[in-house]
Each structure stands twice: as C-alpha cells, then as structure tokens.
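By written order: A, B, C, D, E and F. Residues from 1 in each chain.
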Amino acid sequence: MIESHLPAYIALTFVLFSVLIPVFGLWKRELSQPLAVIGSGVAAAFSLYGFINYLNNGAIRYYFGGWEPPIGIEFVYDGLSGFFVLVINAVAFFVLIYSGEPSKKEFPGKEMPYYALAMLMMLGFNGMILTGDLFNLYVFLEIASLSGYALIAIGEKPAPYAAFRYLIIGTAGGTLYLLGVGFLYTITGTLNIIDMTAMMPMFAESSATVAALILMIVGIGVKAALFPMHGWLPDSYTYACTSSTALIAPIGTKVAAYILFRIILWVFGIELTDAVAPLSYVVGVLACIGILYGSIMAIAQSEMKRMLAYSSISQIGYIIMGLSLANPWGFAGAMLHVLNHAIMKACLFMISGNLRLKEGHSDISRFDDSYRKKYPWTMASFSVAAISMVGLPPLAGFFSKWYLALGTIDNSNWLFLAVILISSLLNAVYFFRILEKVYMMDPEKGQKEPKDGTYNEVKASMLWPTTIFAVSLIVIGFANAVIVGILLDIFPM
Amino acid sequence: MRRQFDSPIVILGSRLLSPYIMVFGWYVIFHGHYSPGGGFQGGALLAASILLIRVAGGRRISRLQIQEFATTPLAVIGVVIYFATGLVSMAMGGYFLDYEMLPIPGLDPAWLRYYGILIIEIGIGLAVMAILIMIYDNMVRGEDYA
Amino acid sequence: MDLSLVPLMAILVSLIAVVPIMLSSEKPNLREFWTILAALIKFGLVLTLLPGALEGKSVELHLVDLAPGLPLALKADPFGVFFAVIASGLWIFTSFYSIGYVRGAGEHKQTRYFASFAVCLSATIGIAFSANLLTFILFYEMLTVATYPLVIHNEKKDGIEAGRKYLAFTLTAGLLLVAASALVYHYTGTIDFTPGGVFTDVELPHTTMLVIFILFLAAVGVKAGIMPLHGWLPAAMAAPTPVSALLHAVAVVKSGVFAVTRVVGFVFGVDVMGDYGLNDILIVLSGATIILASLIAFAQDNLKQRLAYSTVAHLSYIVLGVALLTPFGMQGGIMHIAAHATLKITLFFCAGAIYVNLKRKNISNLNGIAKVMPWTMGAFTIGSMGLAGIPPINGFFSKWTLALGSLEGEMVIPVIILVVSGLLNVGYFFPIIYRAYFKPGEGLEGYGEASPLMVVPIMVTAVLSVLFGLFPNLFFGLYDLAVDVSLSLFNTASP
Amino acid sequence: MLDFFTGHYAYWFTIILLCVGLYGILFKKNLIKKTIGLAILQISVVLYFVSIASKWDATVPVLDPNIPVDQVANYLNPLPHTLMLTAIVVGVATLGVAFTLLIAIYNRYNTLDEQELIEKIQ
Amino acid sequence: MIWELELVIYIFLLISAIVALEVKDLLVAVVMMTVFSFLMALLFVAMGAIDVGFTEAVIGAGVTGILFVVVVFQTSRKSND
Amino acid sequence: MILFAGVLIYAANDLPYRGDPDNLMHVEKSVTNTQVKGNYFVQNAYRDARTPNMVTVVLGDYRSIDTFGEQVVIYTAGLITLLVLRRTRKIRRALK
C-alpha cells in the first residue's frame, strides 16, 4: 500500500510541513526549524525506503486523481528520479539541521517564512524530479525557483539585487522552457514524458523539435548554470546567507541537471538529439568551457564563498559533460558526481558558514594558522572535502572523475579528457591555497610561533552535519562500486 | 496607498464599487462550472475589491476590512482546503485528489467530481484573495532594513 | 598461518600508529616510542612475507571493490616484497635518526612530522603491494599528500615554494597516471599488474601505444626524477634531512622507479616494450639524465643539493637498467634500488648530522670536519665510494650487473654512460672528502661528534652497504629476489 | 501562399513579441523596465499557447447542448487554456516576487538603475 | 476567429509593448503595460479562450497593474532609458 | 537575441498550420495510438464531472495537481513577501 503511494508521499510531506510551519510558527517561532528538520527527515526516510523498494520491485507510476496518463498527470519513481530524490532529500535534511544556529544570527524573527519556503523549495525540487509531465514540471520549477529567489534574497546588503538578477534570468529561462514545451505539445499532442518518448522518433527531423530542444536546454541550462548562462550564480551564492547557500548550492543546480538528463537521454535519446545538429557535443563543449572558466575564476577569488560559487560552475560542468558523453561510464560518472558534489559543496559551504559565524568573515587572505587550533573538526572536514574536490583517491571525488575519464576515452574524446585533467589541477591550486593558509604559519609576517587559539568550535548542531558529510565522502569513496553498479543499471541504452 | 487620498470622490467611488466586485467575485467562484471563471479569477476579484478600498482609503480604513495579520491564516486555510481534499480521498483508498473517493454519501462519481472541483475552487479563491492582499500589504509597508 | 592479511596489516600498522602519535603529542618520548614500535612491527610483518616471496609465490588479498570489476587489491609478489623490505627496514634507522635530528635541530611541530612520516610509510608499502593500477594510484596520491607537510615543514618561504613546486609536479603526474590507467583499462579491460604485461592479447596502433606510454612515463617519471621532470626534487631538499634521506632517497623516488619497473614489466611487458620500440625513449632519457644530473651536481655548493642531483642521476641508473629489457639489466636495476637506498640514506644522514652539529650546509664550509666528526665522515666516504662504484661496496655490484645487462643487449653506449658517470661521481664526491680530511678547518673548536642517536644509524647503514656489497644475499636473500623478479618477467613474456 | 500566411502569422507576431520582451530583459537598465520586459515575455508565451489551441470554426470549450461533442472540431482544445491559466498565475506570482525584491533593493540603495547599483555595491 | 481583427489587435499589442519599454516615465510605462495586458485579454477572447481572457483581464490587467503602481509609488518614477 | 529569433522562426516554419483541426493535438488518436488529451477532454468532460465548462474540469480534475502546484506558487509568493519585507512588531522591539 505504502509503496504505491510513495512518490506522492515524498512530495506531500513537504506540502504538509510547509503548511504546518506557518500554523505553528505564528504561535511559536522557535518551532519552525525543528519542524522543517522533521519534514525533510520524513521525506528522506521515504525516499530511502522508496529507493530500496525500487531496487527490489521496480519503478512506480502514480496517477494523480486516478486519471491514467496521458489524460492525467503521473509521478514516476524510477531509478533516476529515485536516486536524485534520495540525494537531495538526504542532503537537505542535514543542511536543515545545520541551519538552526546560523539562522538565529542571520535572519532573526524570520524563521517562520524562511523554513516554510525551504520546505516549498524542496517540494518544488522533488516535484520536478518525480513528475512525469512536462508542464507539471514547469509548475514545480517555478515553485522551486521562486522560493530559491527568496532564500537568496536573505543575506548581506546586496543580496536582493543578486536575487533579482537571478529572478530575471531564471524566469526568462523558465519561460523559454515553457515555450519549448509548447512546441513539443504542438507537434506531438501530448505532455506526458513516457508518451512523448514513444512518439519522438517520428518527429526527430522536424525543425520545431530541434528548436524545442534548444529552448529547453537553454531554459534549464540557466538553472543549471551551464556556461554562458551562469552569470547569476556567483553573486547569488556569495551574498545569500549561509543556510540558504548551503541548501541551494548542492541541490538546485543538480535538479536542473536532472531535467537535462531526462530530456536529452530519455525523452529524445542521444541519437535524436544529435540527428539534426550535434547538440550534445555543443553542450559538452560548453560544459568544458564552464569547467575551465569556473576553475580559473575560482583561483582569482579571495572570498571563500565566492570561490566556492565559481567552483560550483566548474563542477556542474562535469555533470553536464558526463551527460554529453552519453555512454554508460560517462553517465555513471556524472551521477556519482551529482552525489559527490552535493555532499562536498554542502560541506564546504557549511564550513564557510562556520567560519562566518565565528570569525565574522570568510576572507581567505585573512585566514591564519590559529584556525587549526580553534576549529579542529571544521578544518579536518574542510581538508577532506577539499581533497575530495581536487580528486585524490580514495575520496569520493576521485571516482567520479575516474568514470568520467573512462567515458571520455570510450568516446575517444581527448579534448574532454584533457579538460578533466587540467581542471583537477586548477582545483588543487585553489584548495591547497587555503589548506596552506590554515595549516601553516605565514612566512611573510615573519611569525615565529603559531598563533595561539583556544578551542572555539561551533555548536554540535552545526558541527555534526559537517563532519558527517566529510566522513560520508570517505565512505562513498570505498562504496562507490555498489553505487555505480546500480547507476549502470539505470542507464537507458 | 499609505495615506488616504484627499479627494472624497475617490474613496466614495471605491466604497460604492467594492461590494459589487466582491459579489461578482463570489459569483465567479461558484459559477465557474458553467461559465468562464473559477477560483483564481474569483479570488483575484475578491482581492481587487478589497485592494480598491485600500488603495483609496489608506491603512486606516483597511483595518475595518480584512486586517493585515489575518491574511496569513487565510492563505494557509485556503491551501489546507485543497490539500485536505486530496488527503481525504487518499485516506479513503484512492489516489491523491481522486474526488470519486470523497466521503459524501448518495452521489454518483460524476457529481462527486463536480463537488470536489467546487471545494477546491473555494480553497483556491480564499488563498488567492488572502495572498494578493498580503503581497499588497507587505509592499505598501515596505522593508525596514536596518 | 594465513598470510593473506599480512600485506594489509603491514600497510595499516603505521596508519594506525598515527592515532597514538597524535594523541601523545605532549609527551615526546611516548610519541617516538610509538613510531619505533610501528616501524619494528611493520618490518616484522614484511619479513613474514619474505619466505613465500623467495619461493616465487605471491599473497593476494581482495578488499572492497573500488569500481565495478576493479577491486582494491593487494598482492605481495616478490618484487613488492623486495621494495617493502627495503623501505620498512630503512624506516627503523630513520626513526632513530629522526629522533636525534629533530631534537638536535629543535624542529617545531614534531608531532605532525612523525605522523606524516608514518602515513608516508603506509603509502609506500601500499605502493609496493598494489595489485592493480587503481590501488596503485590510491597509494601514489596518498604518498603525494602525506609528503607535502614534510616538504613544507620549515614553513619558511623556500619551504612553501618547494611545497608548491612539489605539488604541482606530483599532482600533475597523478592525473596523468589516472588518464593512462583509464586508457589501459579501456583498451585491455584490465589494469591488474601482470608479469609480462596486459597488452599481450591486444593489437594497438603504434601511435596509441606511444601516447599511453608517454603518459605513463610523464606520470611515473616525475617521482622517478627523469630529467625534464626532476625539478621538484632539488627544491624539496628544503625539507628536514631525515625526510630527504628516507623520502627523497628511498620512499618517494624509489616508488617512482618502482612504478617505472611496474609499468615496463607488468603493464606493458618486456616483449611489447621491445616490439613497439618504447624502451628506446627510456634509454635515451635516462642516459641523458645520468650525465646531465651528474654535471649539474658539480655546480652545487649546498651539500644536500649536490646529493639531490646525485639522486636524480642514480635513479636513472635504475630506469636505464629496466629499459635495457635484458634479464641482467633488469636485475641490475632492481639491485640498484637496494644499493642506492642504503648508500644515499647514509649520505643524507651524514649531511643531516653535519647540519645539526655544525649548522653548516655548504660544501665550501666543510674544511677539516673529519677531525671533529670522524665517524660521520667515515660513513660518508663509504657512501660516496659506493655511489662511485668502487668495489667492494654494493654500488659496484649493481653497476656491474647493469653493464653486463647492456652488453647482453648488445648495446655499448649504456656502458660508456655508466663508466663516464662513475667518473663524474668520483669527481663530485671526492672534493668533499678531500676538504673534510685534508684541508685545515676553522671554527671547529668545541664541536664533537653528533649525538649517538644519529651516529649509530649512520654507521649501521654504512656497514650494511659494505656487507651488501660483499655478500649480496646475506640479508633476506635480496639478491635472489631480484634475480627471481627479473627472470619471472622474461619467462612469462615468452610462453 | 495566403494559406501559409494565415497558418503562420500568429506565430510570427508571437515571435516578435517574444523578442521585444527579451530585448527589454537584456538591454534595459532600469529594473522596473526589466520587469516589464519579463511580463511581456511571459504573456507572449501564453499567447502562443492560446493561438495553437484554436481551430477554425470551432466554439469555446464550454458545453453547448446544441453542439455535439463527438465532433471534436466543434470545440476548441481546452488543454492549452488550462495550462495557460496556470501559467498566468505563475507569472503573477513571479511578478509579485520581483516587486518585493525591487522594494527591498530600493530600500537599501535608493536607486533602481543597474549601473548605479553595480557602482554602489562595489 | 476573425483573422483581420486579430491582426489589428496584434499591431496595437506591439505598439503598446514597445511604448511600455521605451517611455521614460515609469508610470506611463506601467499604464501601457496594463493596456498591453488588456489588449492581450481581448485577443484571447477573440481566439475563443474566454477563461484565459477573463483571467488575464482580472489578474494581468487588474492585480498586476495595482502592484506595479504600488512599486512605482514606493520607488522612483523616473527611468534613464 | 537575433539568434533567438532565428531559432524561433526556424521552428515556426515547421509548425502545423494554426487552426487546422487535423493537428496532432486535436485529433482522436496520436501517432503511437494513445489517447490524445485535448480530444478526450472535449468528449468526456461533461460525462465525468457534470460540468459544462471543460476548462474548469481539466483544471480541477484531470490536471488537479497542476492547479495545486499553481496554488502553492501563489502561496510561495505570499510567504516570500512575508520573508523579505515584513518584520513582526515583536521582533522589531527585540532588535531595539
């Protein structure tokens, strides 16, 4: 019984809690954050159960209102969506636990709408992933985007402007996506993804299909911060408050990447995508440029959050590159990187939040070696996450790059392989720079002894999520064979 | 906006117009089955009728109508009506928002659907009205950024 | 007794030792006790593998899958055991010496120093026992990261510069290794180390083969210090001397040449190398490195720098031996791993002792110090004679075998290179000895021999190298092992 | 030719409107102007959907007992209309959020001009 | 569907859109925006989408118009372009 | 932008004639022989929900989750104004 309703339960949990939080929050503000934690925890539990259930029993299709598609709207819980739902809900759960402390400082008195919106954003993301209807996807996309804009608008002084720019670009992207859906609907007469997949081969040559594909890629690419459309990301992530960034950065772009996967690999299929123009290759090249651009810009930054934001642009490139490779290894690498990057980025942004809370800034040039004494666990987590970002074994980050490299070789795509290697080096540059600052004395100041710092670690509710993420990176590194085994089964071809 | 307009004609005109718009709003919600209209349009009309007074009369008069603090609960109630309809049908063994499963005795499925749609339209109408007023109120008040 | 867990335990011992070392950071004696205990246990564990290795057997252990079909696998084959014995054996001496050194030099952050050292050793043993390229990469990168804190240990400007340089070189190398491994996996479907190579069943175009080989060469060549890629090694001499001694004479660079051997013998296979003419590249590069590095060594006044360039030259001996693709050449190369390890560690120990005792780094300041530090300088003499290839010290033996190998391959130029570089070795070492013994010293009053904690390890390693020279098979049958390894490579390659 | 024109002119106008909206978003410096451009863009997409829903000689999608439903060509396609109801409301919500942010920006920087804003932030 | 009527409305739509974007007084721009919405609603009705037209008239022209005006009153009325 | 217009015009040339009842979204069965939504809605809306206004039926019943999402979007917008702009009196006092 519960199995057949699972897709709905996951999404509806968030609706329920987004309603409960105002109800209780108007009465007692302090309850908002625990409620949000409970909500995402329940959803994470559902998605974990659902994924196990998927492995045993296969996919679930849930018909809303009892109307079978293509008449009604369905939620599809298959391997890909199950995997993504599990990743984002688990990450969100920990980030929401984390956000309790910083929220008291960053937006006092606004907990109620904040957490209600966080729940709504998760609803949007889950809905986008689960839905089997292209227009329904748009609706959820807007829910997620709108709440995302709002969460970003909370933060430093320029935050609303960053959010406004994101809103303009993001809504334009969403509108283009809608136009693409319109084209597809015009020529196929259906909105259901499964239905459309079956029809697609007959319309592959039509110019409207190609245009629809381009529009959708552009529209979703805005959300995914694919290279030329990434302009909104650095400012937004930098000025937004810690809890928002930690919540949006690991999840938002991934979900957009999911849609690209769904559209390009499932609805169109790679042959049809490339039938008229080599679109997947173009996307891959854009991803490559994005990887290099993001890495180089990250090196130039002195603000840790901004650096991480640029690094996000680069890391998204890996995922999209795996998509454009369109072979099993590339797919597995991209999927694994979704998981890894979600965890790494959440961990790193949480660390920058820890530093902001305690030090009041996260400016790399002001880091010194007393941090190691003051925040031993935070810094240990940072080391793990950073080394994983660089891609050194046995941490998780290495393996996604390994599979991506295998994928590029399978396609004999030496350009992409070179990009992966070069960007790993660039990653090393900007992460080891921080490690050097934190773990060593500054030679230029002529300092003889390490600055003494007393133990000043953040509270447990902030520390635990950070360290759990760091540990899970190691665990994933050793367990990735299992994960990849599952992922290879999901691959559609 | 914040203060009352100086001209009495404006406020008088809006006070005259407002009830009719409101009635029309309710009509649109309930008559959505037969003619164009429904929850959104009706809710927007209801909101318009109240906003009209607010625009003309300023904040002082707005207290006489729906007060600012009441909008959030109203919006929640609107969402809950819709959500609960879905949950009830789910609890009765159907899919989410499967109106055939609503526990109203003595009606065949088609009429159940009819009433199901009506219920959610009311929910939508309430929520839209409350939220549009909420947006207006908050925007007029402005932000008190430190 | 089931030996299959021993390789894992040997790796983990020093890794686990990090925890007590970190915990007892306030009590130096306890901390160093842990280090030495770990070193002894590790050496013991490695020794238990030795009998099996002498019989030519390997111990295999499959742990978790790192990727589908690619397990984290350990395999203690004769070659691995050979390397592990040297590395772990010399760690014991280095531990004692380190204690003397860091206390004598008053180094800071000693806990980090010992902890990193332990991790490095784990990684080195891991490299020795890796059964496939993925496991190898894992430990290779681990070694890179663990060595970094040691290189930048002094935290002065030059140290940090050196650290950056080191990271730049080694991380690039690691990435190229990843790329190369991925290519091999793509073309052959396996990346296990197989005696005779994995390419036996696959026909590849010459260019592809060349690309893969060059990738490998660039990857492992960095740590092996082959000439255009050696830049980090002299820079890394900013590290404390025991680090230079063990890591930059034994662990890291020897992992490099070990990797070269693995790649040549176990990935490509001797036959494939010969068929595609890949070894020519190696011979040319290593020959050039030997001569050039020896010449550059002349120009160095800093003692450690001179030793570093000497290291670069001698590493290429090993590479040269491997590249000859003859049984004797291979054997000589492998033997030179052991020979150079003991000799160079002695020399670095001496340099460190001089530095700690007299605070002198430059060769031009070493006038007359033999009168103050007779034991140290005696050991130094033995070491430099060995490197120059003067019998009966072990350097001679391996060079002799190398020469035999090149003659066996009907190549004359390598022999000439060997002779010339021997002369160059004499040229750059003997001035030091001459200064130390025969020039009158200044300002040496009041100085005596270094602390026994340092002198004893120096003497032990010096004596060891002499004994190795006289009786190559005396300790642990290392000579037999080398012969076994080289023969196994050639036997399986020609079925 | 006329056939082609009557079949496609609605698309062309929609495309022009879309371009006007995009022009507003990309090249206007005032943030309110940008918002107006956004609204134009959104409504143009709505227009596209509505125009594809139409059929020649068909009536509105409200049941008329005199017109039989089994002849589909008699009624307009209701699905795009429904979708666009949703899209319009989504557009209004977006605009609401945009206005909110605009007020917040003006409160902090006292300007809505993009150039001045960027100068003030740096 | 009368395509001549549609054509006329289309042209007016274009004019109002361009004016809304180009005029310097934001209040005028907002009013033109409302006119645009209203014409759009008219066009929808002309195309037979009475529901959409109604909604556009109420929401697009009505509520959005009010909100636009509020924003212009709350912020500045002048625009540089 | 010119690129964008180009893509759209390129697409528009291949779109079916507007208003043609034979378009794929209006006909009875799709190319893969599945039910076409628009057609089904016209034919069965009254039978299923006793409501003459087909748009309302599609909105409220067949695609009710869309409408629910739409309501949630509006709800989101309301909460956003609350989050970005409003501070309750209690908080303002506490901040002073």
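Everything that follows uses one rule, which is that contacts are C-beta pairs under 8 Å (C-beta built on N, C-alpha and C of every residue); 3 or more make two chains touch, one makes a residue touch a chain.
Note that the structure is a prediction, hence the values are computed from the model and not measured.
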item	value
Minimum number of chain-to-chain contact steps, subunit A to subunit E	2
Most distant chain from subunit E, judged by the mean position of its C-alpha atoms	C
Far-end chain from subunit A, centres as C-alpha averages	C
Whole-Å separation of chain centres (CA-atom averages), subunit E against subunit F	21
Separation of mean Cα positions, subunit C and subunit A [Å, integer]	44
Distance between chain centroids, defined by C-alpha means - subunit C, subunit E (Å)	78
Euclidean distance of C-alpha centroids - subunit A vs subunit F, Å	26
Numbers and ranges of subunit B residues touching at least 2 other chains	34-36, 38, 40, 72, 79, 83, 86, 96-97, 99, 128, 135, 138-139, 142-144
Touching two or more other chains - residues of subunit A	15, 22, 64-65, 135, 139, 142, 146, 149-150, 153, 160, 185-186
Sites on subunit F at which at least two other chains make contact	8, 12-13, 15-16, 19, 23, 25-27, 37-38, 41, 52-53, 55-57, 59, 61, 63-67, 69-70, 72-78, 80-82, 84-85, 87, 95
Interfacial residue positions of subunit C with respect to subunit A in the complex	64-68, 70, 72, 108, 134, 137-138, 141-142, 144-145, 149, 152, 155-157, 159-160, 163-164, 167-168, 171-172, 174-176, 178-179, 182-183, 185-186
Contact set on subunit B toward subunit E in their complex	1, 36-38, 40-41, 44-45, 47-48, 51, 55, 132, 135-136, 139-140, 142
Interface residues, subunit B side, partner subunit A - complex	72-73, 76, 79-80, 83, 86-87, 90, 94-100
Subunit B residues within the subunit D interface of the complex	34-36, 38, 40, 128, 135, 138-139, 142-145
In the complex, subunit F residues that touch subunit D	1, 4-5, 8-9, 12-13, 15-21, 23, 25-28, 37-39, 41-43, 45-46, 52-55, 57-59, 63, 66-67, 69-70, 73-74, 76-78, 80-81, 84-85
